[in-house]
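There are two complexes below, and they share subunit A, which is joined by subunit B in the first and by subunit C in the second.
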Partner chain A sequence: MNYVTIDQVTKGYENQVVLNDISLTLKKGEFATLLGQSGCGKSTLLRSIAGLEGVDVGRILIDGKDITNLSPRQREVGMVFQSYALFPNMSVFDNIAYGLKMKKVKNIKSKVKNMIDMVDLIGKEESYPHQLSGGQQQRVALARALVMEPKVLLLDEPLSALDAKIRKSLQKELKRIQKELDITTIFVTHDQEEAMTMSDRIFVMNKGKVVQSGSPSEIYTSPVNTFVAKFIGNYNVCNMEVFHKLVRSTELKGNEVAIRPEVLQLVSAGEDSLDLQENWGIKGVIKDVSMTGNVLRYEVETDESAFLVDYLHHRGEMFEQGARVHILVPKKECIIL
Partner chain B sequence: MKVDGNWFNERTVKPIPKLLENKEEREVLRKIKKQKIYLLALLLPFILFVIGFEIGPLVAMIKNSFYADNGIQVTIDQYITIFKSKFYLQAIQNSLVISLFSAVTSVIIAVIAAYSITKFSQKIQNRLLMIANMTSNFEGIPLSFSFIILLGNNGLFTLLFSKIGGDVFADFNLYSWTGLILVYIYFQIPLAIMLIYPSYQGIKKQWKEASSLLGGSTLSFWLHIGIPVLLPSIVGTFSILFANSMGAYATAYALVGSNYNLLSLQIASLVASDVALKPQLGSAMGVLLAATMIGAMWFNERMMRRIRRDLR
Partner chain C sequence: MKSSLTFHKVIVGLLVIYLLIPLVGTFLFSIAGKWDHTILPESYTMDWYIELFQDERFYDAFRRTLFLIVMSVGLSVVIMLPTIFIITVYFSKWEGLLQAAAMLPYGIPPIVGAVGLIKVYSDGPIQIAGTPWILIGAYFITILPFMYQGIRSSLRTINAVQLVDAAELLGATKFQSFRTVVFPNIISGILVSTLLSVALLFSEFAFANLLVGGRFETIQIYLADKLNSSGHLTSAIVITYYSMILLLTGIVLKLTFRNEKNPVVSNKKRILSFFKKQHCNKNTAIEGEK
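Let's turn to the complex of A and B:
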């Protein structure tokens, strides 16, 4: 049933454990993402699956076969690197055909043509890598990996070197191709937004461990710890004692409480029709307002700590810096960690 | 006001009179002009140097080669003399053979040696390069004498091995064709390593990884990607080595004197010997020497473009 199995994999360099007892499984055709900050071991895990790094402990299985000790060329996996890694002396066509030539398969020409069609590079067959844009180069790299019909496609931050607009469109295209070929894919990124939009399943990594796995919405709405809460959704994470003081109630128990910025509401201090049945109210002052496109982000200073409050940017409605407000905290949106 | 290249271009290519009347802008233009002249002035010594010591002698040599021995009549006799003389043709042939042979051998050795150097730690790499750098400057008479002391008829190793009983150097004669080639290769290798080593830095680890994931072996990586990527540097190095040994004079002179018939030795004896000075003939041979070097470079370039079509 499981197509890819990582079984208690551990790996270290000199005096540092980089992968710490990692276990995870993927189903066939799944688009999984390894998400985590730079240096948490994402690339190392991916490279271990590819066979470019060995593991110290544990097993890796693909399609029921133990591949832990196979060389990269025996593993039937494809990989795309952040730096494209195209062969500079070969044309687009030859880059894509390279693997097929190594395998001495038939119909190289038509296979390559189909692939060039799929990644939308018709007319560029005879171009060389240095004549292509970053986005085009990455399409070639993708085609070069896919033409081999690998069992698993590994993508190590393939879009991180591209500018925002091209990145967005390539995200969509990558997703389309992945669905079309129904290929099991492991995608690495440090960008939570990218992970959210692309993945069927996300594995959040921190310091060489998988700290949470689940669908994008599971991860977003119910983070299991402070790290995930802060990394995934800019959650306001508040110490429980502090929270008790702020809301003058000890109803909630636990260590910390996490609240998403977009569930909070702001009400002018003068207003007295507060719904304190469903919400808690916290007094505060607007310290800063910033705008990220369609979202207005308020930083609200309270007696104990600062809260982020996100609003969709509607015309006319805006609190000024320095305004006195109440923050309404919906009780059912409080996540206890 | 911001003065960048763009601004300057727009205004000079398509001057807008109204703007140029602006005093401030005229001032800026004047300053740029002044700066340009200033930069040219700084370049002047270099230009004079190139003209005086490189282009000048070259032109003089070419001109000289078209004069008769008396230096008055204009003629192509000097070239006819060379092409009719078995002796001179032999010199050209010998020079070509020894240069080709030593350049090819040195390049092959250097490609392998430079690669092994990249496998050491950075510290050791730096040390090895320093040694290569020093030894690449070790040529000419000192080098010949070192070889004579070590491998000559009464050389250290020659005597040592004959004492020990190993007849390794029994058939070896330093003052022969083999000896000459050995010395040439010796002084070419460090230079070749110095020239080829940096291009290994241009080979990305990810190319190897991609190749292996696509089913390529180490050999196929080097065959299809590694060597082609190194090729421009290999070809360039080969051209330099070829020219280097075509023109090598002091090393050969110290080792074999005029016993061995080489182009560079013949030119020297025609322009600077105490027997029969024939500077016009020497010049003609010099022109032929330069022509072979240019020919070799041209040929190398062409061959490279065939393989590296991406470089156009």
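Let's turn to the complex of A and C:
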């Protein structure tokens, strides 16, 4: 049973299409991520679900109910903004209680208390937003949305204004709370790593379209096109003709071949014991070595194009710049696009 | 380091002196008896104030000015606040138009404006030339730029659009979100615009003189009239109405911030800058009137 359904939604401004015939469905309790570069339409889609933007064509359904033409307040969705959008004139408690007061709900106090407990802000009830850190403010924003028990929680790049360490810990916490409440969540981000860690399902968007959807590992290991391959995992994407020349074989067919940098292996040029049953060998020279802490990234220049090769950073195993090497390309890891 | 600090202090000191001298001079002149060939007055007297406070015309003029100000500033807040809010939040594509309209008064000198207004409103359906109502209309336009800038920048500062989005998603109606979320956060901005407008209108002479003149004697027209009889008396008038403005401002500020649990730093800054502006206004006014 689909809980959220986006049915052929299209939206444009003047002469520009922002959402181009988007259809997707979510199950109850699913954590879905809209992933894409800025301007791909992911935030617009989220705002359309919230009712903050209208759509030109198409329908949006939540829990079987068509909400396409309802105002934001009738939609029973909660939203967390990148810039928090807390009410500066209200304390943490009043911010969280705001929606309940508007709905004239009973037991406001205990509900807000529970929520403050859940987002770990005990002792901050009487503080004002400007007295809190960015991470704390975002917890308040999250609590404010969750206390309304929305059918769907919308998160618009909620963590991108925070520094790396706090972001990592809030990622975990967000995921924990989401599982605990079993709340259907749509998360928008441009950070593929964040999308990978948090999502049950990822929708990769480009130019107003969903180009691929699937579990994080599906998206990562079998990208459907060059855009996804490059955006999601730094794939080496190589033109097929060029690839044929490099490996001196025309075994693979198709337009392009994509290979993840971490499945490639480097062997010194002098070594003879190459396993050419399972792999192809490409001659090259190390052009550059960069390190991101645990990963060493080699840029290897071949006759035709450059390849990225990732290695886990082990002590003492390092190729120098300018070293002549063979790149071993595992045949089964080549993805044809 | 230390010498540069002294240098800064000297500059600030000179500036303060420069700004205060006309005020102090006016004040001294208003309590001076004989003051011909000495640096400070030879004798002091309260006669001028006594004369002023016994003059019914002064009270009437003061009341009229207050009436005009309350009406035009009140009207401006009531009309401009919702207008600017609605345009900023819901019809942002028309913002340019509103901005241009709000800036127009800067481009029209009062004399030109006054002549035009008299022409338009002397006949036709709305014949209000020569009545205080035309002055209220003209004042509404005069303070438009201040009201517009003040309210709009307050809305920008608090990111009103997003706050309204958030409030509406939490179940508030458009009006509720304005009343509970936007308004409390821009009240200080509105207040600053209002006070600035009040101060400006208190010293407005050109429109008052051209549009209604002696038929509806405001404090400035009364002042201009007294200018011919006694410089001491005019100084006393100026000092009196400055004190009134200061008192008024102080009371309003105190009332507004007494209940505010959360005085945001930027509010304080805005009010400080307001006082500076008001100060400049006063001094130009003094120099213009003497």
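FYI, the second predicted complex is superposed on the first by the 337 of 337 C-alpha atoms of A that agree within 3 Å, B and C clash if a C-alpha of one lies under 4 Å from a C-alpha of the other, contacts with A are read in each partner's own complex, and residues count from 1 in each chain.
Convention: contacts are C-beta pairs under 8 Å (C-beta built on N, C-alpha and C of every residue); 3 or more make two chains touch, one makes a residue touch a chain.
Computed from a prediction, not measured in an experiment: that's the story for all the values here.
Overlap between subunit B and subunit C is detected when the two structures are superposed via subunit A. Within the superposed three-chain model, A:77 lies in touch with subunit B and with subunit C [touch as defined at top].
When both complexes are overlaid on chain A, the residue A:3 reaches neither subunit B nor subunit C. In the superposition on chain A, the residues of subunit A contacting both subunit B and subunit C are 50-52, 71-73, 75, 77-79, 81, 83, 85, 87-89, 98-99, 102-103, 128, 130, 144-145, 148. If you check the complex, the residues on subunit B that touch subunit A are 204, 206-207, 209-217, 220, 224-225, 228-229, 308-310.
The touching residues of subunit C, counted against subunit A in their complex, run 158-159, 162-163, 165-173, 176, 180-181, 184-185, 261-262, 264. Against subunit B, the residues of subunit A that register as touching in their complex are 50-52, 71-73, 75, 77-79, 81, 83, 85, 87-91, 98-99, 102-103, 128-130, 144-145, 148.
Touching subunit C in their complex are the following residues of subunit A: 50-52, 71-73, 75, 77-79, 81, 83, 85-89, 98-99, 102-103, 128, 130, 144-145, 148.
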